[in-house]
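Chain nomenclature is as follows: A, B, C and D, assigned in order of appearance, with residue numbering initiated at 1 for each chain independently.
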Amino acid sequence: MKELEPPLIIVNFKTYLEATGRRALELARKCEKVASELGVSVAVAPQAVDIAAVASSVSIPVLAQHVDPYPPGAYTGSISIEAVKEAGAVGTLVNHSEKRLRIDEIDEVVKRARDAGLEVVVCANTPEVAASLSALRPRFIAIEPPELIGTGKAVSKTRPEVITDTIKLIRQVNPEVIVICGAGITSGEDVEAALNLGAQGILVASGVVKAKDQEGALRDLVNGLVRGARFRFRGV
Amino acid sequence: MKELEPPLIIVNFKTYLEATGRRALELARKCEKVASELGVSVAVAPQAVDIAAVASSVSIPVLAQHVDPYPPGAYTGSISIEAVKEAGAVGTLVNHSEKRLRIDEIDEVVKRARDAGLEVVVCANTPEVAASLSALRPRFIAIEPPELIGTGKAVSKTRPEVITDTIKLIRQVNPEVIVICGAGITSGEDVEAALNLGAQGILVASGVVKAKDQEGALRDLVNGLVRGARFRFRGV
Amino acid sequence: MKELEPPLIIVNFKTYLEATGRRALELARKCEKVASELGVSVAVAPQAVDIAAVASSVSIPVLAQHVDPYPPGAYTGSISIEAVKEAGAVGTLVNHSEKRLRIDEIDEVVKRARDAGLEVVVCANTPEVAASLSALRPRFIAIEPPELIGTGKAVSKTRPEVITDTIKLIRQVNPEVIVICGAGITSGEDVEAALNLGAQGILVASGVVKAKDQEGALRDLVNGLVRGARFRFRGV
Amino acid sequence: MKELEPPLIIVNFKTYLEATGRRALELARKCEKVASELGVSVAVAPQAVDIAAVASSVSIPVLAQHVDPYPPGAYTGSISIEAVKEAGAVGTLVNHSEKRLRIDEIDEVVKRARDAGLEVVVCANTPEVAASLSALRPRFIAIEPPELIGTGKAVSKTRPEVITDTIKLIRQVNPEVIVICGAGITSGEDVEAALNLGAQGILVASGVVKAKDQEGALRDLVNGLVRGARFRFRGV
């Protein structure tokens, strides 16, 4: 259950108050409950300060939202791979549109995280950037058109070609990367559509975190994942 | 004991392995022990991931090393003031030479942290910058010439005029700021010299964290602080 | 005429097409014409690439929009103080809201530019930041609330307290700084209001650059400056 | 002569005083002279402020050292593609180790520059990053291990595997990119070695700019290029 395997949903807590501190724990437990009920992989990405408490409270995979590209040392204010790992995270997002890195930094993070045994989910804003980043051989790439993030207009319905183009371009560079997508996802239908287009998972934030009924919102998404995965993986 | 009052020593854990995870807890406990024995204020600044565990384990003040200048929300990868506060920190460093911010961002952090009831220790690299930052009315300013950080050449001995100039320039702008100093501090003599020059506290990192005997190194510094404070505060 | 003296208007060309290349020259000549006709100081700030051509074509002061805080050397892609000076600029803007710098970088720019004989106009977003930056002793500070830039809602009418607070706070730190203001200025009335509030000049961009009749728009602003200055300086 | 065709040498002027202002013109003329004498392609990359004067004075290709990833508009302090183009540059370096960009910004620059008819030479620090960036389909990639830049230890002799690995990894992603290399190049032998390893050109800075005899230093490099190209291209 701690492993990050497709098909999957990653819930990004960002720094929303609804997913900070005590409420980060509560939301993580809801995610664990839904994952357990429906037998799918749901990972949570709380902010750095909350990783340790969340990771010691739930049995689902916990990701950092960002790590810095440095070795341990004189890097005041940074989030180190070593700390994130020791706190119980199994991996990390990196290069989210709200925390973009330079290409040389992403290269460093991917290499260092891999050496440390952490999974890396590298975010990309366009199919071209996604293909570019796949050459660094992260295990996961998340395509998210930034202009749709938080809008409720699902990338899988509003701009399906972003997903198909991303997969096509990535495949030319690296056939092994697992492609997930995000931006504007709020319903099971959005998730199902994404999987039908070839995505193997979903990155979601406000669609769950800001929902009045967080658990219900997630259950709806997970049901879409199950339907899409049945189609896509023929019998998951 | 949780309060941040001069004369004080702040131990910055940076992302040193010797002060990460389990070892962050161990070092914090050593700091607590020395603070308690000698009756002085010692604060610790672990990296974000370790704040909660440290703050729940010791009774001395815990600071973040950095917080981001944003309200709660869609700020993936950021360290929010709210999370740091809920995790038990009483304040934060900001604008350390290893994590410099823009001036408008420092202004935001100072205002938001103050509103949240967090202490702010703003770092500065030169007397002019220190004076400039004191206009934002943080409670603490830490002057650290970056070229001396980690060298073992104490600012208070190698470049005493940096401390006296800083205090002079700051006093013209803001008489209330508490001025501490750092960079190259490794001995009680260095600390005593700093207090004799007018500093009201010390920011130290490798001098304690990388010492073979962390507790002994800190005790030496604290003894210097006691001697300096006796002189400076006439009987602290 | 090449000197930067209050009361003055600085026209920031940004990277607008209407003020790039050949059109930067044309706009600079219009500014020169209006300055000459009405006997006031109008300075222009073309982008780096256009500084040399503009400075060799007009007799009014030319400013850079930004310079980097480095000495000459291995700084590929930077804009050096030495190049800007040799190209004929008499000074530079720095820390514009569209090109914010870290506080230690602003300190460097102010010192290096002063040593090189260049005027510095440091931009600030709030009265507190303006006061803070005045401690670095630049000759000019430009207060511009970023949320009004390009809106046509003049800071001097919409938020007059920003100007008066800025002047009050700056005066407590540094009585010699010349305070100008900007954001949303599009008419002579806006300029006059700003001078009546105590500003000694105006920073304007789209209000002139994007105007259908650039020369007419500038003439209107300059007339406002003359009226305001007559009131303020009693007979300029 | 204005075209950027391999085999070629690009001389990066950085912000060295020896290649600023009037001296940028002088150095560009030396480059033009050597290029003309020996019949090879030598391009120059002066800093932004000097592009227009250099481009109007010599008939060899002129590159910018950096352009910003924005359309024309409210981008104070930026270097616009449009200005660089109108000033006479035929292309630009981007992502030099001294001016790194985020991956999404590099993607923007490559697309915008291509649309504007500007050549793009994207710099990379490692073979993996070079391969990654080649997926964005720039025409040129320059591999430069930053730790060798300015050392006089030529990448082609000290770390030849960086060049061969880069070419191998890039070819798997994009067979059409022209690969050049740099870092530590100071002699014709260094250049010849680079071409023998498969590079199609050289990026050099201090090796020419800081040489006592700039023209002689460049002539030595160009002779190495001719020898290497004869081997590599069998008769250039």
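Simple rule for what comes next: contacts are C-beta pairs under 8 Å (C-beta built on N, C-alpha and C of every residue); 3 or more make two chains touch, one makes a residue touch a chain.
Everything numeric here is computed off the predicted structure, so don't read it as measured data.
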Chains touching both chain A and chain B, listed by label: none
Separation of chain C from chain A in steps, with touching chains one step apart: 2
Same or different residue numbers at the chain B/chain C copy interface, by half rule: same
Per Cα centroids, the chain farthest from chain A: C
Chain B and chain D: spacing of chain centres that average the CA atoms, whole Å: 45
Whole-Å gap separating chain A and chain D, where each centre is the average of the chain's CA atoms: 38
Residues of chain A engaged with two or more neighbouring chains: 97
Residues of chain D that touch chain A when the two form their complex: 95, 97, 100-104, 106-107, 111, 124-126, 128-129, 131-137, 169, 172-173
Chain B residues touching chain A - in the complex, by the definition given at the top: 12, 14-17, 20-22, 47-53, 65-66, 68, 70, 72-80, 82-84, 86-87, 93, 96-99, 149-150, 205-206
